[in-house]
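Heads up, there are several structures right after this.
First chain A sits with chain B, and in the next complex the same chain sits with chain C.
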Partner chain A sequence: MNKRLFRNKTFCAGAFLAVLVIVCAIAAPVLSRHDPSRISVTEALLGPSGNHFFGTDSLGRDLFSRVLYGARVSVLVGFVAVGIAAVIGIFLGALAGFFGSWVDEVLMRFVDIMLCFPTFFLILTVVALMEPSLLNIMVIIGLTSWMGIARIIRAQVLSLKTQEFILAARMLGFSNLRIIMRHLIPNALGPVIVHTTLSVASAIFVESSLSFLGIGVQPPTPSWGNILMEAKSTLGVAWWITVFPGIFIFTTVFGFNLMADGLKDVMEHAESTGR
Partner chain B sequence: MLNFIVKRLANVVVLFFGITLLSFIVIHVAPGKPFLTMEFNPKMDSAAKKKIEQIYGLNRPVWVQYKEWIHRFSRFDFGYSISDGVAVKDKILQRIPVTLAINGITLVLIFFLGILLGVSGAVRKGSWYDRCATFGMFLFFSLPTFWVSLLAIQFFSVHLGWFPVSGIKSLDFEYFSFGKKAVDFLWHITLPVAVSVIGALAGISRYVRERMLSVLREEYVTFAKAKGLPSRTVIYEHALKNALLPVVTLLGLSLPSLLGGSVIFESIFSIPGIGRLFFEAVMSRDYPLIMGLLSISALLTLLSNVLADVGYLMVDPRIRLAGKHE
Partner chain C sequence: MQNLLDVNELTVTAAQTNAVLVDRVSFSVRRNETLGMVGFSAAGKTLTALSLFRLLPDTVRLVSGSVRIAYQEKTLDILSASEAQLGSIRGAFVAYIFQEPRKSLNPVYPVGRQIEELFLYHTDVPSQQARLLPNFREGGQARRQTLEALRHVGFTHPDRIYHCFPHQLSGGECQRVIIACAVVLKPSLIIADEPTASLDVTTEARVVRLLQEVRRSLGASLLFITHNLPLLRKIADRMVFINQGKICGVVTNGDDVSVYAQVQDPYIREVLQSMPSFQGKKLR
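After this line comes the complex of A and B, so read on.
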C-alpha cells in the first residue's frame, strides 16, 4: 500500500506542497534575511525587490520573513488542533461503538448537538471570552472538530467488534480497555487518516480567519491571518501585503486537501482489490 | 409520515436544549464579566456594579440563570442587550433579513450551479472538461474566503470600480423608487454573494458528481438506455432525481458553515447582518445578545435540517409509501 501511495500523483503533489510549507516553518530563521519584527519606518510599504522578496508592510517590516514565521503558527495550530480532535474523536467513537446501548445513545446525541452548532460562532465566543492565546486557539479548534472522527471510528468499531479476532481476545480474558486500545482502535484507524488530513487544512483555515478578525494570534507575532488583517487597511495601496500571505494559506490548504484526496483514492482501491 | 415528522421535531427539541445549555455554560463559565468594559468609567463603584449584576441576575448560580433563560425563551423574550438596553429580539429582527437574503440567494445559486457542474462533469467523466472542472473546484475548495473577498474588493471595487467597496445601500438610498432600491441592494451584495458561493460551491458540486456517477452505474439506468430512451431523458428524468435526494440534506447541513462564514464577509464588506452583530456582541461580552444569536442560529439550522428531511420524504415515494404501509 505504501508503494501505491507514493505512485499516486495527487498524493505526491499534495505531500510536496505540505512538506514545502513545513520546511518554511522550521527553517524560517535560516531562510529569512531580516528580523520579522524589526520596524523601519523609512522602508515602509516598499514593493517586492531583491532585498525584500515580498516587499514590506506599513511599518517597514520585511514581509517575506513575516510570512515564513507565520507558517510556524499555521503548521503548529494545524497539527496540535487536529491531534486534540483525533484523540477525543477516537476515544469517544471507540467507547460509543464498543459499549453500545445508552453510552452510544448519549455520545451520539452529543455529536449531533456539536454538529448542529454553528461551530465558528462557538469558537468566536470562547476565544473572545478567554484570552486569545495560541494555546487557547489550538484547544478550542480541537474541541470543536472531533465529531467526524468519532462517527467514523464508531462505525468501524461496530463492524470490527463482531469479528473473530475480537472474540479470540475476549476468550483470552483481555480487559475491555486492552481490547479497545490494542485491538479495535489500531484496526479502525485507516479511514480516519483521510478525515484527519482534511481537518488539518480546515484548522489552518479557522486559525487564519480568527486572526483575520483580530481575535486570533495577536500581533506582534506574525500569522497569515493577522498579516491579512493589516492588509485590509492598505487595500489598493500595497497589493503585495494582500497577495503573498493568501498564496501561502492557499498553498498549505491545497496541499493537505490534495493529500487527502490521494489517500482516499489509494484506500478505496486497496479496499476494492482486497489490498 | 406524520409520525416521522413528530419524531424529528422531538429530536429537534432535545438538540435545541443541548445546544443552548452548552452555550450558556461556555459563556458563563468563561472568566470575565460583561461590565469589564465599563471598568474605566469613574462613576462605576462597587455598589453600581452590584446593582447591574442584580438587574441581569449574574450573581445567581448558572443553572438558575439557565432555567430563567429557558422560561423567558418560551415566551420569545431574549432579555435586553447589556451594552445599550435595546431588546435583543428587536436587535436580531432588525439585522436578520440582510443575512437571510444573502445566504438564501447563496444557497439557491449553490444548488443550481452545483447540480449543473456536478452533472455535466459526471456525464462526461474523464473528458478534459470533467478534469478541468474537477481540478478547478478543488482549487476553489482550498481558497480562504476572506482572502478572496480582499482580492475581489481590490480588483473589482478599487481597481475597476464596478462594485461598491462596502455596505448594502447607496447614500441616497432613501430617495430611490422601489425598483431602484432592489437593484441597488443587489448591486451591493453581488460581491459578498459571489465570494460565499465560491466558498461553498466546490463541496456541493463534487458531491453531486460522485452521486451522479454512482447512480449512472445502476441497472435501471442501463435498462432505460437499453430501452432506447434518449440519453437526455435518462440523465435528467431518471438518474438526476435519485442523485439529488442527499444533496437536499447536504444543503440543510451547510447552513451552520454559511452562518459562520457570514461573520467574516459581513465584517469585510461592512454588511449590517447578524454575523457582524454576533461579532460585536462577543467583543462587548453582551451575554443576552450572544445567547439570543446562538439560539436563533441553532434553531435556524435545526429547522432547515428538518425541512430538508421532510422534503426528502415528500420527494422520495419509497420512503413515503413505506410509511403508509406500517
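After this line comes the complex of A and C, so read on.
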C-alpha cells in the first residue's frame, strides 16, 4: 500500500507541492532575509531583485518574507480547521451509523440543515458579528465543514457494523464506545482521509477569500488574502504583489487536490484487490 | 445448578413479520461436554446460538423463554441481565468462534494486538476498560500470555504471527488465532458456529482436534454447530437435532449404532440414514 502510494505520480506531485508549502511555512524565519512587517518607505514598490526576491509592496515591506509568513497562516488554518471538522464529523457520523434509529435521524437531519446554509455567507455573517481573529476563523471554518465527513463515516459504519468482526467484538464483551473507537472508526477512515485532504485545500481557499474581503486575518499579520487585498490598489504599477501570493495559493490548493486524487486512486485500487 | 447452561422454551421471531424463527427451543449444555447441534442451512442454528447471549441483529426479536447459566457459582438469567453484566459474561464466560475466521478479525490491527487487547480488557477490568488505548507492553504479562496462547494453538513462531495482519494469514491460521483468543479468555463455554465450513478437509481435522484439545485443557464445554454429521459423530458427546427452528431430539453419541434405534423422530431418522455408515443398516 505504501509502495503503491509512492509509485502513484499524481500523489507524489501533489505531496511535493504540499510539502514545499509546508516547509516554506515552517522555515519562514530561516528562509526570509527581511522582517515581514518592517516598513521602509524608500524601498516602496521595488520590483523583484536579488535583495527582494519577490519585490516590495507599497509600504516597502519585503514581499518574499510576507508570502512565507502568510504561508504559516494558511497552513495553520488549513490543518486546524480541517482537524476540527474531522473530529466533529467522525464523531457524529460514527454515532449516527452505529446507533441508527432516532439518533441517526436527528443527526442526519441536522447535517441536512447545516448543508442548507450557503457556507461562505454563513461564515461571512458570523465573522462580521464576531471579532475577526485567526482562532475564530479556524473554528468557524471547522464548524461549517464537517458535514461531508459525517456522511462518509456514517455510510462506512453502516456497512462495517454488520460485518463479522464487529459481531465478534461484541461477543467478546467490548463496550459500545470501544467498538466505535477501536474497531469501527479505524476501518472507516480511508475515504475520510481523501475527503480531509481536499478539505484542507478548500479551507485555505476560504481563509484567503475572507482575508481578501478584510474580515479574515487582520493586518499587519501577513496572509495571502490580505496581501492580495492591499495589492489591488497598486495592481497597475506593481504586478508582482498580486502574482506571487496568487502563485502560492494556486500551488497549495493544486497540490492538496492532486494529493487527494492520488490517494483516492490508490485506495480504490487497494479496495478492489482486497488489501 | 447442575448444568452449565439451560435453555428453556426460547422463542425468536422476525421483527417485521412476526414469523417464528426459533420455536420454543429447550436444551442444556453439561459441564465438560461437547454438544453438537445439527441441522440444515436456515434451520435456526446460528440464530439460536446468537440469541443465547443476546447478540441478535435488529431484524429479529427474542420473544420469550429463559437462558440460565452457572456463572461464578451463581445461577444467572441472561435474558434479564443488564448490559454491563452481559459485557463481562461475553468473553469471560463464553467465547464464540465464527464461520469466517478472516472476517472475524479486525483488518486494521495485527492479530497479536487483538488477542492482547482482549486479555487486558478482561483481566484488568477497572483500569483497562476506562482507557481506550490498551497498554501494550513489550514483555508484560499480557504479551507473554498472548504468545503462550499462540504457541498453544500450534504456531511455532508466535512472535512472528503476533505482528501479522489478518490478510497475511491463511484461513486455517486465522481460525487458530481465534481459538487463541478463546485460550486467553479461559471461558467456561465455547460456541463454535460452523468453524470449519470455509476450510479444507485436512485443515478442518486439525482445527477440530485443536478445539477439542483446548476444550479439554480449559475444562470448558463446547457447543459445536454444524451440518457435518459425520464430523460430529467423531467428536460430540451428545447431539441436538434442529429443524425449521424446532428441536427434534437429543441423541447421545456412541459407537454403537443401536443407540439410534430408539429414535422416533422421522427427521432425525432421515438425517441419520443419509450417512454412509448407516446405509444398509436397519435402525430398528
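Note that the second predicted complex is superposed on the first by the 275 of 275 C-alpha atoms of A that agree within 3 Å, B and C clash if a C-alpha of one lies under 4 Å from a C-alpha of the other, contacts with A are read in each partner's own complex, and residues count from 1 in each chain.
Definition applied: a contact is a pair of C-beta atoms (placed from the backbone, for glycine too) under 8 Å apart; a residue touches a chain by one contact, two chains touch by 3 or more.
From a predicted model like this one, the values you see are computed outputs, not experimental measurements.
Colleague: Here chain A is shared; do chain B and chain C fit on it together or clash?
Modeller: Overlaying the two complexes on chain A (C-alpha atoms) leaves chain C and chain B fitting together cleanly.
Colleague: Applying the document's definition of touch, where does A:Ile39 land relative to chain B and chain C: first, second, both, or neither?
Modeller: neither
Colleague: Please indicate which partner A:Leu124 is in contact with in the superposed arrangement: first for chain B, second for chain C, both, or neither.
Modeller: A:Leu124 contacts chain B only, not chain C.
Colleague: Please work out whether A:Gly246 is in contact with chain B alone, chain C alone, both, or neither, and reply first, second, both or neither.
Modeller: After superposition on chain A, A:Gly246 lies in contact with chain B alone.
Colleague: Does the superposition put A:Val19 against chain B (first), chain C (second), both, or neither?
Modeller: neither
Colleague: Which one hits more chain A residues, chain B or chain C?
Modeller: Answer, by number of touched residues of chain A: B.
Colleague: Using the superposition on chain A described above, determine whether A:Glu164 touches chain B (first), chain C (second), both, or neither.
Modeller: second
Colleague: Does the superposition put A:Arg178 against chain B (first), chain C (second), both, or neither?
Modeller: In the superposition, A:Arg178 touches chain C alone.
Colleague: Figure out whether A:Arg109 sits in contact with chain B (first) or chain C (second), or with both, or with neither.
Modeller: So A:Arg109 only meets chain B here.
Colleague: In the superposition described above, what is the shortest C-alpha distance between chain B and chain C in Å? Please give a whole number.
Modeller: The answer for the closest chain B-chain C C-alpha pair is 21 Å.
Colleague: From the superposed pair, tell me which chain A residues show up as contacts to chain B and also as contacts to chain C.
Modeller: none
Colleague: Okay, in this complex, where on chain A does chain B touch?
Modeller: Result: residues 109-110, 112-113, 115-122, 124-126, 128-130, 201, 205, 208-209, 212-213, 215, 228, 231-232, 235-236, 239, 242-243, 245-246, 249-250, 253-254, 257-258, 261 of chain A touch chain B.
Colleague: Touching chain C in the complex: which residues of chain A?
Modeller: Where chain A meets chain C, its residues are 100, 162-165, 167-175, 177-178, 181-183, 186-187, 274-275.
Colleague: Provide the residue numbers of chain B that touch chain A in the complex, in ascending order.
Modeller: My answer: residues 14-15, 18-19, 22-23, 26-27, 30-32, 138-139, 141-147, 150-151, 153-154, 158-159, 253, 255-257, 259-261, 263-264, 267-268, 278-279, 282-283, 285, 290, 293-294, 297-298, 301-302, 305.
Colleague: So in the complex, which bits of chain C are touching chain A?
Modeller: 53, 55, 57-58, 86-92, 94-96, 98-100, 103-109, 117-118, 121-122, 129, 132, 167, 178, 181, 185
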